[in-house]
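Note sheet for the following structure.
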Amino acid sequence: MIVVMHPGVTEEEIDHVVEEIRHVGLDPHVLTGVERTVINIIGDDRLIRKDHLSLLPGVEEVIPILKPYKLASRDFKHENTVVDVAGVPIGGKHIPVIAGPCSVEGEEQVLQVAEQVKAAGAVLFRGGAYKPRTSPYAFQGLGVDGLKLLAKVREQTGLGVVTEVMESAEVEIVAEYADMLQVGARNMHNSKLLRSLARVKKPILLKRNFSATLNEFLMSAEYLLSGGNSQVVLCERGIRTFVEYSRNTLDLNIVPAVHQLSHLPIIVDPSHGTGRHDLVLPMSLAAVASGADGLMIEVHQNPAEALSDGEQSITPPAFQQLMLNVRALAAVVGRT
Amino acid sequence: MIVVMHPGVTEEEIDHVVEEIRHVGLDPHVLTGVERTVINIIGDDRLIRKDHLSLLPGVEEVIPILKPYKLASRDFKHENTVVDVAGVPIGGKHIPVIAGPCSVEGEEQVLQVAEQVKAAGAVLFRGGAYKPRTSPYAFQGLGVDGLKLLAKVREQTGLGVVTEVMESAEVEIVAEYADMLQVGARNMHNSKLLRSLARVKKPILLKRNFSATLNEFLMSAEYLLSGGNSQVVLCERGIRTFVEYSRNTLDLNIVPAVHQLSHLPIIVDPSHGTGRHDLVLPMSLAAVASGADGLMIEVHQNPAEALSDGEQSITPPAFQQLMLNVRALAAVVGRT
Amino acid sequence: MIVVMHPGVTEEEIDHVVEEIRHVGLDPHVLTGVERTVINIIGDDRLIRKDHLSLLPGVEEVIPILKPYKLASRDFKHENTVVDVAGVPIGGKHIPVIAGPCSVEGEEQVLQVAEQVKAAGAVLFRGGAYKPRTSPYAFQGLGVDGLKLLAKVREQTGLGVVTEVMESAEVEIVAEYADMLQVGARNMHNSKLLRSLARVKKPILLKRNFSATLNEFLMSAEYLLSGGNSQVVLCERGIRTFVEYSRNTLDLNIVPAVHQLSHLPIIVDPSHGTGRHDLVLPMSLAAVASGADGLMIEVHQNPAEALSDGEQSITPPAFQQLMLNVRALAAVVGRT
Amino acid sequence: MIVVMHPGVTEEEIDHVVEEIRHVGLDPHVLTGVERTVINIIGDDRLIRKDHLSLLPGVEEVIPILKPYKLASRDFKHENTVVDVAGVPIGGKHIPVIAGPCSVEGEEQVLQVAEQVKAAGAVLFRGGAYKPRTSPYAFQGLGVDGLKLLAKVREQTGLGVVTEVMESAEVEIVAEYADMLQVGARNMHNSKLLRSLARVKKPILLKRNFSATLNEFLMSAEYLLSGGNSQVVLCERGIRTFVEYSRNTLDLNIVPAVHQLSHLPIIVDPSHGTGRHDLVLPMSLAAVASGADGLMIEVHQNPAEALSDGEQSITPPAFQQLMLNVRALAAVVGRT
């Protein structure tokens, strides 16, 4: 950590900062420049609060050197983490595709679409039983009945199932049915939920919040890792910008950035990421080309009748086409 | 709702859309222009899903005319809502100031600062017992012990207390102690929590999410109103932008915009809204000048020692000065 | 255009709007719904100003149906435009790569790097003679001397050259030397420059401003098209968001969006788009996968010594590797 | 400047960086911590390019300590700069209001509105003769004829006039007629224009670009100051965010931030800043309360007939009311 002092700082102010740093067992180095005096702190930045130092008299700015996350960083663990979801590895050479409808709407619907996405090459099934919705008047999911239908999908198709859990009180029941528990974008900052999930023996799919920085995203992963659950897969699903032609702005730049800074795998959800079914194919290919470790795609037999997110769902034939393209592309970027 | 058809749309496609609209009991009007055919829907937009229409063949775009919220709109209720919090009206001529530390840290701390902010003119006390934090290594609040200290503050000072509730499982216990329950910015989209709070007989302080549009903000209020709790106060606390000199960008433009579209009161939190103690005074004054119905200010005896958010907290003497300025300003804008 | 009237609008107010619409020769249709009265305008939206109607008494909102651009839209011209730059077609099946240094720094530098990028497969050469810089203390380009060096590059290598023009006074001299004139992101809104370029008989590379919506981007193209120059290539080069790990957020979603709404080709500049040399390769591949009609890449023999934008430049060997990857990928997406 | 080395950096890499720093005459201090080695540079950061260092082998990150601007900073000049515009001081105790129509449309229009805003208390007149417009089909201003009408306004009313200049070729003619030359938001990054204006003996009104950071804004001012023109007034006029209820998001947080970091005065334009006439009054008051050194307001006799920006213009009676409110408020914040 670097403490930058104001121009015109006094000796007493410098001494005070030096003492505070020594007080927590860290080692301060004072360097006096032409325009500013700076104090370098040798040792683990995380032992002293930035707030504390920045409010001491004479301090202009405090600049952290180390990242706020530790267990999620590539410094801590150099090799890629490969997460196993019901026998499907995420984070390795293979690029798994997770597919299924936004919401579980009924037995026939999920079983049929599951067979179709499986036939096209999907290796995991997605479907929401608990739905976070912007409107109180919109369909809120089938709840436990939805979870039971997902279990039936697994039984019949052999596909592992991924589904969202919305609060800590529901973690146990969802963990009973699901192979992977999803933290939705709206819950990425929900520390209570993250703490509960850290104690679960199931892999977690952590979606990026609309306005999360990379630091914040990895700090949410850190909640899981530091709490004991190291089976974490990150998921980019679009950020909020001024842009008006897509519901969200899918930010693929984060894919290589995560690969640099973290050992955790990152997949991409172009359905939520763009909010437009006609952008799903090109942005799926772009995601794979950028280095994504997997895709998550919303598929519905009849998007116009879907109870949620129809505008961003593609049909089973479109999904089949997408898989053909993804397969060809994966080979080019050295993956399968 | 207006359905805009593609250029080159066929008669069959138009007929199909018309039928679908009639099917739900609404009344379609087809108008054929030079470059586009548009279909106007007469009746309540909210009876038909935009998704459903936009995916029908031949449809280019669907434009809603009515706002998605109903109970929160000024169309529905013309007069300003005044919310009573432990005898303090929010939404009327008076501009109440809520003050206190970010976190409840200990008995002496809260009692002392409560006396100080009361003496300066604060009419409600704020303090966090449950703290949503970005880092798993940061102080997470005292929990129930914190709530008990808040109850002591009320007992000794007579100030009503406002505190955050983080998930539905905690609603009951927080409602037992608090006079007003706060939904934090990270939880504005937490529909489970909103549904629980809709059934509580206490007023709610609903903070805007970092990246929430006005529609989304009022839809979260709609969860509360439609669930039976009409005692809702909105709170602007900064949005996420590219700007780098304040932690968030306090968006005062929303204050007059809310007053136009909704009957609910809106207060402003310049502490979180800027993230910088030195911007709290000017932005508090700006908030009042823009028409805010109240302020929420973080005050700590020794910000450098605060366990959370010290960088944005002001001291009791600074708060006293702020209150003098606010009082003078309120008179100018016709308030007290 | 749809004019939405306030609830409680009077007959006189409706009549007034109707008259104003008739006054410009358009045909108004009044539809009275349950909550709102709306007036549809049949005819070309662009004949009446939105401002004018929205300020008439009783009007709540005016919603345009037609896009503000006309000549740039796919409605106007259905087939893809293919722009010829010194014999290189942009917008067809082939994906041309434009490469070269950010700035022209000297003869040896440009000739050497030009030979290298040509050998690797680049078909056009880029290099800045006039440089828009954030800092007045930074290198501002060689000016006319730089243009002359670019002409030498063309002579020796046969590569057409692309270079930026910064104001209308320089259009003539730049047009004399360059094969394609570039409008930089900072100048996308510079209507004087666009008007001058509309009269030039050379193709234009129009870069998207950091904060331009798609409508604004195509309106800048409309300046060129309506002024007589139809040889326009669009270029995505990153937008400004809250994201901190890339200097800009490269927005690939705009590529398929442009292809839907416009007939103009769009290429991608991942060097400026990310601001980080280590993101150039993955984002170049992602750009091609998303459907980009070309790439523009900054290449420098020794990025650490570059007089501008070294952080985002790649070396000739890295460029060679990039070209191998791009070539393999292009084949998969049906291009060359 | 702080150079942070990668974990696992070699001695040779450190030595190389040290030599490069010494090479330009600066003094490097190497500090080896537990997780990172950092190299502090003593001396003027601005003598070495961040790019250059960040690309040396073994370097992870380069963090500047000093701001990139020098002449615009409060470090350089402690006292507030007061700019004199035709006898009106901007930056002192008095809060001047600049008012007038968006565009100069005709003689009667400007003379009449000038008399009205003067009567209400405006001290400078604004009006555009050269208009930067998003659409090539929109009114582009009267040009020199407009400038002549502005001169007539000055003659008849005694009000100094402020008008926009769009490119360096027009600087001379505009400077001949105007008392203050405005750089529009779209031109804040136009270094050619800024260089020309630096040589003019007239004060400059520099508007913030929609997506400009504070650093970039002050760097544009630095172009003027370093080129010889120290008569610079900054103007906040709204930034581009995801927000949908105002055309731009007026960012008042920048007002106290500029006052901390720079000696230059900053005024606020709530007309462009919000894009909505009904937000002009509350946001004008908020601007003054936040510490703005002046206001710039668009006033038109008949906004519905204005040739540009009618939606954000207020009428002369509304302006009169605004001035009454501003006057009362100014007194409260210790200004006039």
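Chains here go by letter, A, B, C and D, matching the order in which they are written, and residues are numbered from 1 within each.
Convention: a residue touches a chain if its C-beta (ideal position, glycine included) is under 8 Å from a C-beta of that chain, and two chains touch if they have at least 3 such contacts.
It should be emphasised that the depicted structure is a prediction, and the values quoted were computed from it without experimental measurement.
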Message = Between B-C and A-C, which chain pair is linked by the larger number of C-beta contacts?
response = A-C
Centroid comparison with subunit D (C-alpha atoms), farthest chain = A
Task = Please compute the C-alpha centroid of subunit A, do the same for subunit C, then give the distance between them in whole Å.
result = 31
Inquiry  = Distance between subunit A and subunit B based on Cα centroids, please, to the nearest Å.
reply    = 26
Task = Between subunit B and subunit C, tell me the centre distance in angstrom, where each centre is the average of that chain's C-alpha atoms.
result = 38
Request  = Can you tell me which residues of subunit C touch two or more of the remaining chains?
outcome  = 211, 240-242
Key: Of subunit A, residues touching subunit B in the complex   = 46, 49-52, 54-56, 68, 132-137, 140, 166-169, 186-187, 189-195, 209-211, 216, 219, 222-223, 226-227, 240, 277, 303-306, 309-311
Footprint of subunit A on subunit C - complex, ascending = 211, 213-215, 239, 241-246, 249-257, 260-261, 274, 278-279, 282-283, 285-291, 325, 328-329, 331-333
Ask   = Where on subunit B is subunit C touching in the complex?
value = 2, 4, 7, 29, 31-36, 38, 40, 42-44, 63, 65-66, 75, 240-242
